[in-house]
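One structure, as C-alpha cells, below. Some questions next.
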Amino acid sequence: MSMPLAEEHEVQHLPVEFADEKESIKITGFWMFLVTDVLIFGSLFSTYAVYRGAVAQGPSANQLFQMGPVMLETLLLLTSSFTIGLGIYAMRKGNVKALMGWMLVTILLGAGFVGTEIHDFVSFAAIGATWHTSAFLSAFDILVGTHGAHVTFGIFWAVTLLFQLKKRGITAQTARKVFTYSLYWHFLDIVWIFIYTFVYLNGKIV
Amino acid sequence: MFHQWVKRPYRKLMLVALVAGLFSAGCGQQYVMLDPAGPVGKSELHLMILASIAMAIVIAIVFVLFFYALIRFRDKPGNTAPYRPEWDGHKWLEIVWWVLPAVLLTVIAIPMVKTTYALDRIPKAKDPVVIDVTSLTWKWLFQYPGQHVATVNYAVIPAGEPVLFELTANSPMNAFWVPQLGGMEYTMPNRVLPLWLEASKPGTYWGRSAQFSGIGFEKMMFNVKAVSPAAFQAWAQNTHATASPMTMQDYKQLLKFNTVGNATYGGYPQDTFPTVASGFTLTGSGMYTIEHNKNGIKYLPMTMSTNR
Amino acid sequence: MPSFVSYLIHTLFPPSVRLPDILLIDVGLVFGIIGIVVFLTKTGRWGSLWRDWLTTVDHKKIAVMYLIAALLMLFRGGVDALMIRAQLAAPGAHFMPASQYDEVFTTHGTIMIFFMAMPFIFALFNAVVPLMIGARDVAFPRLNAMSYWLFAMGAALFNVSFIIGGSPNAGWTAYPPYTGLAYNPGPGENYYFLALLIAGLGTTMTGINFLVTTIRMRAPGMTLMKMPMFVWSTMVTSALILFAFPPLTVALAMSLFDRLFGSSFFTLAHGGMPMMYVNLFWLFGHPEVYILVIPLFGVFSEVVATYSRKALFGYPLMVVSILAIMFLSYGTWVHHFFTMGAGPGVNAFFGLSTMLIAIPTGVKIFNWIFTMWGGRIQMTTAMLYQLAFIPTFVIGGATGVLLAVVPADYQFHNSYFLIAHFHNVIIGGTVFGLLSALYYWWPKMFGMKLNERQGRWAFWLFFIGFWVTFTPQYFLGLKGMTRRIYTYPAGFGWHQLNVISTVGALIMGAAFVVLVYNIVWSLRFGERDLTGDPWDGRTLEWALPSPVPEYNFARIPVVHERDAWWAMKQRGQSLAGSLRAEDVHDVEMPKNTPIPFLIGVSFFVMGFGMTFKWWPIAIIGFIGVILCLLFSGFDYDDHHHLKADVIRNTEASLGRLQG
C-alpha cells in the first residue's frame, strides 16, 4: 500500500499579490518582519519615555521643538500613505502606468519628508543640540533618526521597484514586491503618528 | 547503566558520602549564607530553608516516579510490565500535576511576599546610624554623615541595632554584600539605593563586591566590625578628634583606578556623596534630595518644578 | 610609512594581547589556514566548496554548516571554561593575568550562548523541521542562507577579537557604564556589540523564517494539533526570537553609539541611565533562556516517545504548557536584578511570575515520565541524555525556584550558587538535549549511526563530569564566593571545592574529546543507515531515506494522525517500492546563490572597520551590503526545475520506486 499523496497544484482566486502561493508566503514573512520592527520602535519609544526628563545642561523638548516643520512632515507623510494606497488600487486593476505614477508621487512626498527632517536636525545641531548634549537628545535622535532612516531606505527601495515594474510590468512577483513595500510605507506612517503625538505634541504641551 | 546504579546500593552510599564530604570540607562557619549574624540574614535563611523543603518534596516525587518508570519499563527480554503504546493521556493525573506544584509554590510565595515587604522597612527605633557607601574603582569608601568620619575598605557599626547603608558608586556598578549580615544591593552611579543590616552581636564580618567592575574587582573586600553602641560612639568621637580629615585632594586620589589599603579620616569634604539622586528609597520612589542633620536623615521628594 | 606600520601593529596587537599563548595560537592559525588552502588546492576542492557549501540554499546543508560551527565554538568555549577552572584551582593563583581572565570569562559566556547553543539549535531546526512537516525546504531558502552567513560572520568577528586588538572583557551581559570608553577604551567591547548585532540580525531572520515555515509550509492534513512537538517548539521558539531580539538590538546599538559616536545613552555626565540597558538587555535575556531550552523540550518529547515506543503523554497539555512558558517568559525579566532597588512591589510581582513559570515546566517533566510509563524503554545514547536530563533539570529548576524567592536572591545573586544553577539548567537542559538530538538525528543527517559504545563513554564522562563540576559550585555559593572573581585568598574554605570543580571540568573536557572521536570514527566506520528509519521512528522525517535527497519528498504526503509515520507503519504502508512512477512530477527547487555569503562577508568587513573606527573599510563593507541587496532585488532567476526523471532515478536507486 502506498503513502497518501497531496495534490501538486491548487487553483485559487485572490488579488494579484496573493495569487501565487510562494509570493503569498513572502507576504506572511514580511508581516513577521514588521513585528520585529514594531518591537524595535517599541524599545526606542520606551527609552525616549524614560529619558525625556534627562536633559542635563541641554535644551528641553519644549525649548527645542518647532511645530511648523513637524506639521509639514506630517502632512507629507500622511499624503504619501494615501498615494501608495491609490497605487495598490491601480495595481489590482492591472494599470501599471497609474501604479508607477502614484509610486513616483509617493517617492517625492517621502523625499520632501526626509529633506524637512534633515533640515530640522541640522538646525538643532546649529544651536548645539546634538546627541552628545544630553541623554534626552540621544533618545530623541535615535527614535526619530531610526524612523527617518527607514523612510530613506523606503525611498531607495521604491526607486528599484520602479525599474523592475518598467521592465516586467505587473507579475505575481512584482505585485508582491510592491505590496510589501506599501505595507512598509503604511507602517512608517503609523510610527510617525506615534512620534508626532508622543514626542512632538507631548513635548510641546508638558 | 542506570539500573546497575540502582541495583548496587553501595554506590549510592558513596554518593551520599561524597555530598557529606563536601559539607564537612572546611568548618561549617565558612558557609556564610547558612550562618547569619543578624535579623536580615536570618529571615533570608528561613526562606531558603522553607523553599528548599518544598523543592525537596518535588524532587523526591519526581525521582520516585522517574526511577520506578525507568526500572519497570525497560525494554529487556522477559519484562512482564504492561505495554500500552497508545496510552497518551489521563485527565486526573494531569490535573494533579498542575495543582501539586501550584500548592507547593503558594506555600513559598506567601511568606516570600511578606518578607520582601518586611525587609524593605527599617525597624522603627531611635534614629539609625547612617553610613554613606561609595564604591570606587576598586575600593570602598564609607562616610558617616552623623559622626563626621570616613573610612576606606572597612566599616565600624554598632551591634544590636539596625544600620542604614546608603549605596552609590563613583565607578562602574558594584554590589555591596556582607553575607553574614544579609543580602546585597547594587551600587550605581547617579543613584542612591538604601539597604539596612543589623549585627546581633559584636564581631567582624567580611564583605565584598558581588558585581564585576574591572581587573581589580577581586580585591574589593572589606571588613565590617560590629562593636557595642558605646564603643561605636567612642570610636567615632575619637576618630573625629584625632584622625586628619579627608581633603578633596585625598578624594581625587581615591578616584584613581587602583587598589589601596585601609584608611581612616576624621571628616570629609562636602559634595563627595550625591545630595540629589534618583532611585527608590525606603519611603517611596522617584527623584529626591537627601538631607542630613542632627535628627538623622530626611528624603525630600522633589516636585516637578524643582526638578526642572 | 614605517610609522603607519607601527601604529597598525600597536592598534591590532596592543601590549595586553601579546601573551605567549596567544602568539602560539596566532602562529597555529596561520599554519592552519595555509594547511587548509594547500589541502583544498591539492585535492581540487575549491569549486566543490563554492558550489556545494558557500552558495548552497539547501536547508540540510545549511544544517551541517551550523553544526560544524557550533561544535567548533563548543571547543573554543570549552577551552575558555578549562582556563577559568585552571585559574580558580588554587587560591592566589596567577595562571594568567587578570586582564586576560576577564576576557576569558566574557568570551566563554558569550560564545556558549550566542555562538554555540543558538547555532546548534538552528542546525536542528534546519535539519529536521522541513522534513517533519512534509516540506521541500523552508519558507525562504535564500534568507535562510543569509541567516547562516550573518551568524557565521558575526561569530568570526567575535573570534577575531582574540587575536587582533583584544577580546571583550565586561562579562556576557556587558553592563554599562563599565563598557563605556571611560572604563574600557580598547576595541574589545566594539567587537562584542558589532558581532552580536550582526549575528542577531541573522537570528531574527531565522526566527521569521521558521515561524512562517511552520505556519504556512505544513503538509496537507497536518493541523496545529497534529504537529510533532519539535515543530511546536520550533514555532514557539521562533516567536520568542521575534519578540526578544529587537530590545537586544536596540540596547547593543545604543551602547555601540555611545562608544563610537559619542551619544549619551549610558554615559554618566549627560544624564544617561545604565539601568535602561539592564532592563532592555534582560527584556531580551529572559526570553532568550527559553529560546535556548524550548527547542530541547521538543527534542526530548520526540526522543522519549521514540525510545519508549509509545505515544507522547498529554500532548494537548504539552502544547498548553509550552505556550504558557512563552507568554510568562516575557514577564519575568526583573528577576535578574532584584537587587537593583526596584522596590518591594515590583520585586514581589516578578518573584511570583518566576515561580509561576515553574508550573508548566513541572507539568512537562511529569508528562515525559508518564510517556515512559507503560512503554518499552530502549537505552540508546540519545535516550541516556534524556534520562540524565530529567533529574538534572528538576534539580536545576528547584534551585531556580530558590533564586526566585526575592529575599533569598538578595543572598544568592551573583554568587556561585547562581552560576551552579544556570549551568545546571543550561547544560542539563540545553546541552544534554543538543547531544541527545545529535545522536538521534545523526543518521538522518549523515546516513550512518554514531557508534553507541563510544557514545556511552562520552555520555558517562559528560554526565559525571557535569555533576562533579557544578555540585561544589552550589556550596561555593553558600560560602560566599562571587562570580567573575579573578582569584581569592586562602582561608575562606573555597580551595578544595574549587579543586573538585576543576577536576570535573577536566572530565567534561575528556567527554568532548571522546565525542569528537566518536564522530570522526563513525563518519568512516559507522553503521550505515539503509532503511532511513533506524530507530523505528514516529514522525515524517523517518519516512525518507538517509541521507535525504535534495528534494526531500518525491511527493508531499497527506497527514491524518499526530505521529504520522508511526500511524502509516501501523497501517502497513511500507517504505520500499511504495511510489508509482506516474506520481512523480517536476519539482521547483530554490537555486544556489552567492549573495548570502557575500552579504555576510560585507557585514564582516563593515563590522571590522567599525571596531577600529577605520571608516574607509567600514564604508567599503557598507557598499558591499548595498550592492548585494540591489543585486538580489533585481534577481528573478531564483529557482530551477528538478526533472521528474531525475527524481525517479534517485528514488529507484534507493529502491523506493514501484516496479
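Going in written order, the chains are labelled A, B and C, and every chain counts its residues from 1.
Definition applied: a residue touches a chain if its C-beta (ideal position, glycine included) is under 8 Å from a C-beta of that chain, and two chains touch if they have at least 3 such contacts.
On a predicted model such as this, the values are computed, not experimentally measured, just so you know.
Trainee: Of all chains present, which has the mean Cα position farthest from that of chain A?
Mentor: The most distant chain relative to chain A turns out to be B.
Trainee: Can you pull out the chain pair that has more C-beta pairs in contact than any other?
Mentor: Ranked by contacting C-beta pairs, first place goes to B-C.
Trainee: When the centre of a chain is set as the mean of its C-alpha atoms, what distance in Å lies between chain B and chain C?
Mentor: Here chain B and chain C have centroids separated by 33 Å.
Trainee: Could you put a whole-Å number on the gap between the CA centroids of chain A and chain B?
Mentor: 48
Trainee: Could you list which residues of chain A touch at least two other chains?
Mentor: Nothing qualifies.
Trainee: Please list all residues of chain C that touch 2 or more other chains.
Mentor: 273
Trainee: Of all the residues in chain B, which ones touch at least 2 other chains?
Mentor: Counting only residues that touch two or more other chains, chain B contributes none.
Trainee: Considering only the defined contacts, which chain A positions touch chain C in the complex?
Mentor: By the definition above, chain A touches chain C via 1-8, 25-26, 28-29, 32-33, 35-37, 39-40, 42-44, 47, 50-51, 54-58, 131-139, 141-142, 157, 160, 163-164, 168, 173.
Trainee: Sort out for me which residues of chain B touch chain C in the complex.
Mentor: 1-2, 19, 22-23, 25-27, 30-34, 41, 43-44, 47-48, 51-52, 54-56, 58-59, 62-63, 65-66, 69-70, 73-75, 79, 81-90, 93-94, 97-98, 101-102, 105, 108-109, 112-113, 115-117, 119-120, 137, 172-173, 175, 177, 179, 182-186, 188-191, 193-194, 206, 208-218, 279-280, 285
Trainee: Give the list of chain C residues in touch with chain B in this complex.
Mentor: Against chain B, the touching part of chain C is residues 98-99, 102, 170-171, 175-178, 183, 268, 273-275, 308-317, 337, 339-344, 347-348, 351-352, 355-356, 358-359, 362-363, 365-367, 369-370, 372-379, 384, 387, 390-391, 394-395, 398-399, 401-402, 405-415, 417, 456, 460, 471-472, 475, 477-480, 482-488, 492-493, 496-497, 500.
Trainee: Which residues of chain C touch chain A in their complex?
Mentor: 134, 139-140, 143, 204, 207-209, 211-212, 215-217, 219-220, 242-243, 245-247, 249-251, 253-254, 257, 261-265, 269-273, 276, 280, 283, 543, 555-558, 560, 568, 571-574, 578-580, 583, 585, 630, 633-634, 636, 658
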